[in-house]
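Here's the structure, in structure tokens; my notes come after.
We call the chains A, B, C and D, going by the order they appear; numbering starts again at 1 in every chain.
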Amino acid sequence: MDISQFFTSADLFGIAPEIILTVTALSVLTLEMLHVSRPGIILMVAALGLFLAGALAINTSGDEQILFGGMLVLNRFSVFFDFLYITIGLLTLIFSQGYLEKRGSASRGEYPALILFAIIGMMLMTRANDLVIVFLGLELLSLSLYILVGFLRHDQLSNESGLKYLLLGAFATGFFLFGAALTYGAAGTTNYNGIVTAITNNTILSDTYLFLGIGLLLIGFAFKVALVPFHMWSPDVYQGAPTTVTGFLCTAPKAAGFGALIILFNRAFVDIHYQWQDIFWILSAMTMTIGNISALIQHNVKRMLAFSSVSHAGFLIMGILVLNETSISAVLFYLVVYSVVNLGAFAIVSAAEQEERGLNLKDYRGLAAQHPWLSAAMTIFMLSLAGFPPTAGFVAKFGLFSAAVSQGYIGLVIIAVLNTLISIYYYLRLVVNMYMQKEESTLILSYKMLAIVFVGLIAIMMIILGITPGYLLEIVTEAASTVA
Amino acid sequence: MVVPLEHVIALSMILFSIGVLGVLFRRNAITIFMSIELMLNAVNLALVGFSRYYNSVDGQVFVFLVMTLAAAEVAVGLAIIIALYRNRQTVNIDEINLMKN
Amino acid sequence: MFTSIFFYFLASIAIASAIFVVLNRNAVYSAIALVLCFFSLAVIYLLLEAYVIAVLEVFIYAGAIMVLFLFVIMLLNLGLEDAFPYFRHLQRALSLFMVGLFFVGIFLIMFNEQGILHQPGEKFSAGDIYALGEALFSKYLLPFEVASLLLLVALIGTVYLAKRKI
Amino acid sequence: MITGNIITDFCLLILFLPLLAFAINIFFGKRLPRQGDWVSVGSVLITLILSLSLLMNMFMNWDANFSYEAQFSWIDLGAFKVELGFWVDNITIVMLAVVALISSMTHIFSLEYMKGDIRYSRYYAYLGLFTFSMNGIVLANNLVSLYIFWELVGVSSYLLIAHWFEKHSAADAGKKAFLTNRVGDIGFFIGIMLIFTAIGSFNFQDVFAGVSQGMISGTLLTLAGVGLFMGAVGKSSQFPLHIWLPDAMEGPTPVSALMHAATMVAAGVYLTVRLFPLFSPEALTIIAYVGGFTALFAATIAITQNDIKKVLAYSTVSQLGYMILAVGVGNYVAALFHLLTHAMFKACLFYGSGSVIHAMHHSLHELHDHDTDPQDMRNMGGFKTKMPITHWTMVISTLAISGVPLFSGFLSKDAILAGSLAFAQHHPQHFLLPVFGFGAAAITAFYMFRLIFMTFHGEPKLPKVFEGIHESPKVMTFPLMLLAGLSFFIFYTLPYFNPISDHGWFTELIKAGDSVAPGNPTAHEIYDGVHHAHYPAMALSLLVAGLGIGLSYLMYMKHKFSAENWARKMGFLYKLSLNKYFFDENYNRFLYQPLLKLSRAVAYLDWDLYDKYFINGFGRVTNLLSKITGRIDYDGLDQILVDGVGRSVRRLGKQLKQVQTGRLQNYMLFALVGLIIILVIQTI
């Protein structure tokens, strides 16, 4: 047996970012063990690892590379996602500074380590060219998240969220695995290229297996990215999780889930994608509508953002419904904007959160008078989420809608536009509470300077991207062109 | 002589459905967990059946990985259950609902 | 002939014990029934000539995972589940109905298309430790390594969450 | 002579100077001397100079076909490309001048009016944002940037209307304006998307070219046109989305003037004028009817209002209806003409009312009277002697709005009425349109003079308050005089001096273009029709204006008829009008409340409905079923033998307490149902 068929030094270079991140995570844990656990040091080490991983990831972004005998595929698409994850991870770590202490738990090295592991899992998901790798990446991500959600060991809400997320996640994993098994049964292989070959050559064992397999795989993803009616865990889990983790939870897995879905349907099932368009249509319409309408009546900011993120998943599914180069690049753009904005918003929420306060919309009354800059940033985030010009959110929504319109999904786009209208209402409710209420705010915001600097940077970036989106658009178009 | 592939898959599906039923039926978080294990085992059975049919090792490697996952998930799950039990003195899923609209 | 009869026999044991797991009120009995189910599955794997998997099934599931379950059940000193309150029957009825629908549906789709059954080949060469080992360290090297990360995460999480004092 | 790149530079400056002022004031306003008002005033005055020089340039060129376009690429996704840019022609230049003029007047007027406001610098910042977005709409050369600035106008109007958000009514009015506008914007967006799907470009010129090539036609074109028009319905406050404009009076009065005269509401008319070539005949008919009906409908409401600003608000709605009507009948140059003249006299009227309210306010303040409404005309009367400048300027602009010869309104209104008359002559089935127009003209003359008589003439109703009334300071009267001056016909007919013909620089420089949509008459045909209808229309409009003024004079000056008596006689109609035809109430009952209920219902689905109603309600019905399943639950034997009946009783008691929420297994069940539905759909 010739081992070089499966493993060469090139493969090792290919997964260098993952290796670096693993080493970083282990060093963080070692530092924790040695009681060198000053938060600043740990953050620095983790950030260093993330930067290094990013540098190595860009280093590998030449032509398309196939690693480990077809297990991984590296291209601009996967590199784009690598960067997205690294950015999300870095921002989460920065915004988490001081949060755990505030919630009565010591700052622990496990926290950054688990985030790093989650990033590895996500990277694998979008680099995968094999169902086995997607499965492992997904589980690595999910396991880390279960622990992160339940990270406040002495907080009942956090425990409960952890358990709910774990049980539902495991339930979904069961469906996902059954789907993977049936797909394997249908095609005789778990490799995407193999599946494509089997479908085009019609050497499928039985169409039924394939059909059930795709359906169940889809359900597994639908759980992870919270599509209606598989979304019901998300408000509960988002509410109970530590707020900084919630920020991570509503951005990273969504990005990875959609990235993996795009690859799956654009590579493995590309020939039968059209059969599933009705399902995507329905999922999209239901998800955005129910997510938005439920968000309307929330009073808890975290729950509101949870339902809002459900509705955003509905918009994103439009991109997978259309699935051409334009729509994929629109999805990528949307994901960047959505992730960064949500992280910023949750950073502000986590700064405002206190014992028994700071999570209700009413608590934000009159905040603008006390913290004009933070409120301005929050306003920009909300406008961006609502898709309001001239923020980046508008460009994102616009690109997605026009991609759908150009393929003739006018009905769906009308639903989407109506939903955007509804969403304005609840996003602006927070803004109105901050600006247009007389009451003196009694919230005492606790934050680190670094976090505030980054919140400001995100806000400025959203405006700049809304006015001149060209640079990011170029990147996403290039990334999308490698898979489309 | 071995049984036809479809019979193995049928058994796997039956076990899977029973597992789903258990998840929906039980009130005790631990037994819910056990039902999830049952679902995973059903998947394993299907994978082994397919592997046998195709005369390839891929399915079995998959099983191997699923087992790893099952072990890991159980460990984390039980740890969360223990943490919860410490704070709440219950593992009854009906009582674990502080969060609702 | 003998193997197929043996298969159906084991299958019925597996199903029966699985039903027992789901319906029994006592968590300890459930766990033991589950072990029985796993054992019968292990034997089915043997019949399918997947020897390594059969052994792993016993070692990991029956040996490690179920022991862990029993251990936690004992630790938490769980009694019987409470009597089911009246209204939960509806959830149950509905669940039963839905799962039944799911099951019957899948069954129908799966077998309506072709009456033919796929008979596996007589010889199976991939069930032994050599084949599996070789695959794990060549083609599946990366998944194997990632699996180790999975276990590492589980380790970290378990220690962090369950240790009384950290 | 200004050409080429210099125009681009001018446009960029005109566009971004107010934005700069906004940025400076929002962030540093409070720390600057005088709270930064000079930044805003300075920047807007520069834009005024720039746009006036463009206007002068237009006069010097005297070229009716002048057109200039500059663009750059904004979004480039390969297949999907959006280019932004400016399109400058004579229409743009006139609009820029109007916006800059009214905006500068508002800035100056506010110096005194808003003095001492707690959010003084923020107010000026928002004014800058408003001006910026309006200029953006005017300069846009494509649908996307038009839409973006369209939304920005919505936001800034929200901010300005809700400026005094401590008042609940102001905050609500802001919200209402914003949300109502969004309803129109949906149609607008859908229209844009329809056009993009068919033609593949957002650029106006490309779109017109595409329409003329027949890339989009028939029903689809009509739908797209109606969709685009819906945006105008929202912004220009046409029936049935007119509800927000009167409430928007809650904002500071200078803002009302800005919004009603030159920016916000003009945007909708400007949009229909700009996009006129692509409207199909059916769409134009709809537009004409909406406009005509709004003109009459709003006028009938204005008759009974007692709040001085409400009267002006409904008169704005009505006048906007005129403009839309003009677009609908194809005479869109007249619409633009009326937009121009209306901007001047309506701004003057608003500043005048602001001046009156300002005076009332101060007088009441000195009397420590906080209960009397300073905006209610029933508390005024006889201010003529105390506020001569305000009085005379308002009289001039009232004469203009009523369509009296020698004033600007006469010319533009006459052109519109002639257009509708000509249209009805060609299409007798649409005889209602001129009826709407002339009816509204009569009523307008009536209620505008009612306003003048009630405010400035007769006996003072509250002598004590009357004592304290003073003429407003120069900063406030200067804009009044300037705008009143601009209400004379002469500024619009130069270089000619014929007071009864609208022939002048405007009609010479702004020529109607042909519609590119199939089935519409050419510009020449429309012009001919209007020309023929000119004198009959003039005679009629003079007659109805005279009627309205005369009736008003008799009723409110001479008291020959008692207004109260009439109101009593027409009880039902009076009530309808006074309560604005109950539109708000009905919208609340039939639109807003159901939506709220729907959202609650959906939220219920997530937790309560399932637990509470589904389980409990159905629980009773399916008691039997549940008993059966209870038996096979576990140890059937155990249950029957040991527990028997006792358990069933206990169960019932527990059930009542068991209404819990947040259950995991409900979620899972829902997911399972979803899965089954997906599989079923996919199998079928």
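Keep in mind that, in the parts below, contacts are C-beta pairs under 8 Å (C-beta built on N, C-alpha and C of every residue); 3 or more make two chains touch, one makes a residue touch a chain.
From a predicted model like this one, the values you see are computed outputs, not experimental measurements.
Trainee: Measuring between Cα centroids, which chain is at the maximum distance from chain A?
Mentor: Between chain A and the rest, the longest centre separation is with D.
Trainee: For which pair of chains is the number of C-beta contacts greatest?
Mentor: B-C
Trainee: Measuring from the mean of all protein Cα atoms shown, which chain centre lies nearest?
Mentor: A
Trainee: How far is the middle of chain B from the middle of chain D, if each middle is the mean of its Cα atoms, in Å?
Mentor: 60
Trainee: If you average the CA atoms of chain A and of chain D, how far apart do the two points sit, in angstrom?
Mentor: 40
Trainee: Which integer distance in Å separates the CA centroid of chain B from that of chain C?
Mentor: Chain B and chain C have C-alpha centres separated by 6 Å.
Trainee: Go ahead and note the Å separation of the Cα centroids belonging to chain A and chain B.
Mentor: Their C-alpha centroids are separated by 26 Å.
Trainee: In chain B, which residues are in touch with two or more of the other chains?
Mentor: Within chain B, the residues that touch at least two other chains are 9, 19-20, 23-24, 33, 49, 53, 56, 58, 61, 65, 69, 72-73, 76, 80-81, 83, 93-94, 96-101.
Trainee: Among the residues of chain D, pick out those that touch two or more other chains and give their numbers.
Mentor: Only 603, 606, 662, 664-666, 668-669, 672-673, 675, 679, 683 qualify.
Trainee: What positions in chain A touch 2 or more of the other chains?
Mentor: 132, 136, 139, 143, 146-147, 150, 153, 162, 164, 167, 171, 205, 211-212, 235-236, 297
Trainee: Viewed as a graph of touching chains, is the assembly arranged as a line, ring, star, complete set, or other?
Mentor: Per interface graph, the chains form a complete graph.
Trainee: Which bits of chain A are touching chain C when the two form their complex?
Mentor: These residues of chain A touch chain C: 1, 3, 5-7, 11, 15, 22, 29, 67-69, 71-72, 108, 110, 113-114, 117, 120, 124, 132-133, 136-137, 139-140, 143-144, 146-147, 150-151, 153, 162, 205-209, 211-212.
Trainee: Applying the document's contact rule, which stretches of chain D touch chain C when the two form their complex?
Mentor: 614-616, 618-619, 622, 625-627, 629-630, 633-635, 643, 647-648, 651-652, 654-655, 658, 665-666, 669, 672-673, 675-676, 679-680, 683
Trainee: Could you list, by residue number, the parts of chain B that touch chain D in their complex?
Mentor: The touching residues are 20, 23-24, 93-94, 96-101.
Trainee: Could you pull out which chain B residues touch chain C in their complex?
Mentor: 1-11, 13-15, 17-22, 24-28, 30-31, 33-35, 37-38, 41, 44-45, 48-49, 51-53, 55-58, 60-61, 63-65, 67-76, 78-83, 85-86, 91-92, 94
Trainee: In their complex, what parts of chain D are in touch with chain B?
Mentor: 603, 606-608, 660-665, 668-669, 672
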